[in-house]
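Given below, in the form of structure tokens, are the structures.
Look at the two complexes coming up: chain A is in both, with chain B in one and chain C in the other.
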Partner chain A sequence: MTNQNFGSADPVAAPALRDVVFRVATAAVPLLLLGVGLGLPLLTGLLDMAQLSHGGARLLSAVLAAVLGRTLLFAAISGGIATIVAWTFALITTGWPRSYRTLLLVLCVLPVATHFILRTYGLQQIFGAGGPMNSALIMTGLIVEPLPLTKSAFGTVMALTSWLLPVSVFFMYMVVRSVPRELIDAAVLLGAGRAAILRNVWLPQTTPGAMLLLTINFCLGYGTYLSPRLLGGLEDVTVVVLIGQLLNEGRSAQAAMVGTIATAIPLVIAAIVFLARRIHARSRKLLIQRSSEQCGSC
Partner chain B sequence: MKARKIVGICIGVAAVLGVLTWAFWSPAPKNAEQQLVVASWGGAYQTAQRKAFFEPFEKEFKVHIVEAGTPDYGKIYEWQRSGAASIDVVDVETFFVFQAGKKGALTRLDRDLLPTASLMKSAVDDFGVASCAYAEVIAWNKKRNPGLSDLKWSDFWDTERIPGPRAFRDLPATTLEAALLADGVSPDHLYPLDVDRAFKKLDALRAKTKIVLWTAGSEPIEFLKDRTAVLSTAWNGRIRDAQNEGMPLEMSFNQATLDWLWWVIPKEAKNKELAMKFIAFTLRPDRQRALVENIPYGPTNEDAWTGLPEDKLRQVPNSPANMKRVIIRDNKWWAEHETELVDRWRQWKLGLGK
Partner chain C sequence: MWKLLTVLIVGAIVLFLIAPIVIALPMAVSDQTALGFPAEQFTCKWFEELATHRWREAMASSLLLGLVSAALAVVVGALAAFRVAVWPASRAAKTLSILIIAVLIVPPIWLATGYFRLFGEGGLTVLILPHTLLALPLAFSCIWYGMSRLHPALLDAASLLGASQLSTFIRVYLPGCRGYIIAAFFVAFLASWDESVFSLFLTGPNISTIPKLAFETMRMDRDLTVAAVNLVAGTALAGCLVVLLRRIDYEY
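Right, the complex of A and B next:
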């Protein structure tokens, strides 16, 4: 065998270096695009805001912070309610006969066939101060004055949840259906009760699907416009409504900046969750490594 | 057999194509330039404009008027940037004429084509001309509140006498004036507005009752009908229209804020010449009278007053009798402070900065 000279480069280190360069390049391109996409409107908006007086800029920042907080809250509450209701419904109906379940699915899809604006106006009529819901409550003597079911935070959450619910039920139904029946049969054969099957089979099997639905619902709810516009109260302004108002006032640079910040926030949240999970996994791995080393020495 | 099948398929395809062409084909206007796109506020107001302005203009000038959706101020600024506008004439509020004119988003009007001698002085600007006067009034449901009449802003704030939610337009203009008038500021000393005092008065109302906001002109009617609000601000023409439809609504011109609705031509409009002709046409005394016949929005051409019946004069906010009772909004002041006050209004709505 002849000893071939490959130059000064280490033959083992070379592919590793290439790998690093490739990794950096693949990460850099999307990061650069993201940076330009988010950075440019942010910069334009900040420059535009600099033209406002100090008080004016502070005022807009305070408004933006409050609006972002409210939007996140609305998205989390409505997304959470829709996910939990859909999850519960899907789990309950697993024991139902097939024909009933089909009927349920048809009923779920039906509202989607009507436009969201129509459904929201319908809710406004039904739950409004003079609508059938308040009239019935007054007639039964439960209340004297109409409840603020519309033009309030409750109205916004209700409209948003009702928008998210049909598709959520459909989604969770498919998730529950994908659980292998053999697991349930095995649990029954092993003598598990209903509660034990729910705890040990249904919940662990369907939780990833429910988490995915929660994320989708949150994202949809985060971009809501019509629900707070039609059914929201004095304080129920969401980011998209704010953007619409700024555009209407000819403040497009500030609208772009608000849009950028609103887009960046879920990305930052997702990045923090991702990093936290990686740190957690790494520390767990280290812990296991250390304990195995300690075991080996003892 | 095969040939017959092919012929059959061809006939079928031709029939489908024929039906589709018939369904989607619309004849192009003989002269593509003779088309004017106008944006206005819809509802009873645009119906009145159609009868008084659009249809007679189409007949007289042999052009076709396309009615676009409601005015979008953001789009007018957008057209300025992109260099192409899809609407030729837009009906806008006063502050926008001053604001957008200053920012260069509007076309400077050719005064030689306008009847400036007979127009009210306050109704003419370099970048727009007012076509009518309207008022933001206090409105209520007289079936639910039969004893009320001639309400003013201090009554609007009196939640002990008239309990129940109040509705305002989702804008600081008029709302701040209303708060100051309710707090006892004299109409002669209203401007420059004492903004802090106005927001304090609004805070006091908010502490006592629920406040709801409207953005579309039809919303106050709905609010008063379904008890979402007991008292609401509203445009006088909308209330009159609801009354004509048999709804038990009432309004008061006492301290109502008077304002104008203006025609403007976006900077990048395609048919500027025709747009100018249209604007001049709507300012003719006979057309101004025709508008009042259809909706109680006052004329801006002084010559239009002659021949208006007494009952119409009573309904018009800028008639000599009503002019003594209304407040004229200082739109120059608003154009200067609009941005800062809109942000302050947002802050107030969110309950911040107390």
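Right, the complex of A and C next:
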């Protein structure tokens, strides 16, 4: 789909002015929104950072590396769990009757309409020290004393997962529903079993959607404030909770420094991955080219 | 055995998601003024409270804000998605997709302080921009996924028939992924409806959205009207979702 001159019946004719305008608008309108909505506020944050003293920056950077690493880990784990669970849910229920599917999906998406304080309270009741989860574990004899399932690292991951899951389930449902039914029918007609259909049709068709969801979930989990604040432990603060704490204490310059680094680090990681993939692809291309040349000279 | 296992897995997922709500939502009919489970006495006073001016205003504000920012996010997201889906190899397309997804990485609390410095406390209009920005990556991802699944031959056919790019966008791409556009609007609306950080930072004392008012009233431990609001909103959401799913099932 790289037709640079589409919109014209004549493929060699120059593109019409209205096409050029529209093409520019498809990039300019989103970039304008991003520039005003994201660029300007971030710039004010950077100006704030200029007021930070050298000692304050050094003190903070000692804490920041650990907090950043922890946040990236929490985001990766909760994003991964939410994606896999949503994927599994969508794949399992796609073959079920429509009424069941609709009911289950409505139940799954319902938490989004509930205020986060109520949801958090519900989770605290279930996973708290005297909650049904700990009681069940004690009753089965797996543990003797209640586990710290809230106000801990587990609490943060659980809070993030439960926050990400409803929209993930909805998104994966859309992805799975868009797989052409003819492919499944063809596989059945060719005698493929359930496992073969899953491996050869469902997974390849839905993997791009799942990867997109994983990226979104990771980013959302990384930037969330309220869920980890309410269910996370004091020693397991995420980078966003740290920014909140610094702002509450009136240390806006330090908050700006953490905010800038917190925004930059994932982008730098993404850039490194992107470059590594590009170098890998280019070196592979060169390798193939050289081997074909060698074959030619043989 | 396989069927039992799948039922158990789906049951566990639904239970994990619905159990906190089952505990929280009955507070809409609880006589207590603070969160507590189980309720000792039942009342309808929180539903009566819903009819008061400040809650009605907050609901209207949240609804308006959600609809406007979702509509804007879908329009901008659709334009960006068209660019990325039709010319995926172009530099602008790559930059756009990275920048839009990167919005999610920026901590909202830090972004909110930037907005506060730029615009100060204001009315609902101040909230439209950040809400649209937060909803944009979700709307874009949905629509882009839908557009990228359209057959490339459609583009060539439109081109050969002399359709302009704008007309291809409106008459081929938008109808081709209608289900995804409706889903994008739905997701963008939910993102705005549930957003509280910007509402707390950027609105003055006279303006309230549902998350802000709920946060304020519950912090003071004197009001559980939010549970009643959520019960009403949950019912409305379920209705919308049933209609949306019927549409998706019809299209795919």
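Here, the second predicted complex is superposed on the first by the 227 of 298 C-alpha atoms of A that agree within 3 Å, B and C clash if a C-alpha of one lies under 4 Å from a C-alpha of the other, contacts with A are read in each partner's own complex, and residues count from 1 in each chain.
One rule holds for everything that comes next: a residue touches a chain if its C-beta (ideal position, glycine included) is under 8 Å from a C-beta of that chain, and two chains touch if they have at least 3 such contacts.
Being a predicted model, the structure only gives us computed values, none of them experimental.
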Partner chain in contact with A:Ala129 - chain B first, chain C second, else both or neither: first
Superposed model, chain A: greater residue contact from chain B or chain C: C
Touched partner set for A:Arg284, first chain B, second chain C, both or neither: neither
Chain B versus chain C as contact partner of A:Leu31, first or second or both or neither: second
Partner chain in contact with A:Thr150 - chain B first, chain C second, else both or neither: first
Which superposed partner A:Leu247 touches (first chain B, second chain C, both, neither): both
Partner chain in contact with A:Arg199 - chain B first, chain C second, else both or neither: neither
Doubly contacted residues of chain A, that is, touched by chain B and again by chain C: 125, 247, 252
Contact footprint of chain A on chain C as seen in their complex: 2, 6, 9-10, 13-14, 16-25, 27, 35, 37, 76-77, 79-80, 82-83, 85-89, 92-93, 96, 98-111, 113-115, 117-118, 129-130, 132-133, 136-138, 140-142, 145-146, 149, 152, 155-156, 158-166, 168-169, 179-180, 183, 186-187, 190, 193-194, 196-197, 210-211, 214-215, 218, 226-227, 229-230, 233-234, 236-238, 241-242, 245-246, 248-249, 252
Touching residues (chain side chain A, partner chain C) in the complex: 1-4, 6-9, 16, 18-19, 22-23, 25-27, 29-31, 33-34, 36-38, 40-45, 48, 85, 88-89, 92-93, 98, 101-102, 104-123, 125-126, 162, 165-167, 169-171, 174-175, 177-178, 194, 208-209, 212, 215-216, 219-220, 222-223, 225-226, 239-240, 243-244, 247, 252, 255-256, 258-259, 262-263, 266-267, 270
Chain A to chain B touching residues, read off their complex: 52-53, 55-56, 59-60, 62-63, 66-67, 70, 125, 128-131, 146, 148, 150-151, 229, 233-235, 237, 242, 245, 247-252
Residue ranges of chain B touching chain A (in the complex, touch as defined): 72-74, 76-78, 81, 99-100, 103, 105, 165, 206, 210-213, 215, 225-228, 338-340, 342-344, 346-347, 349-353
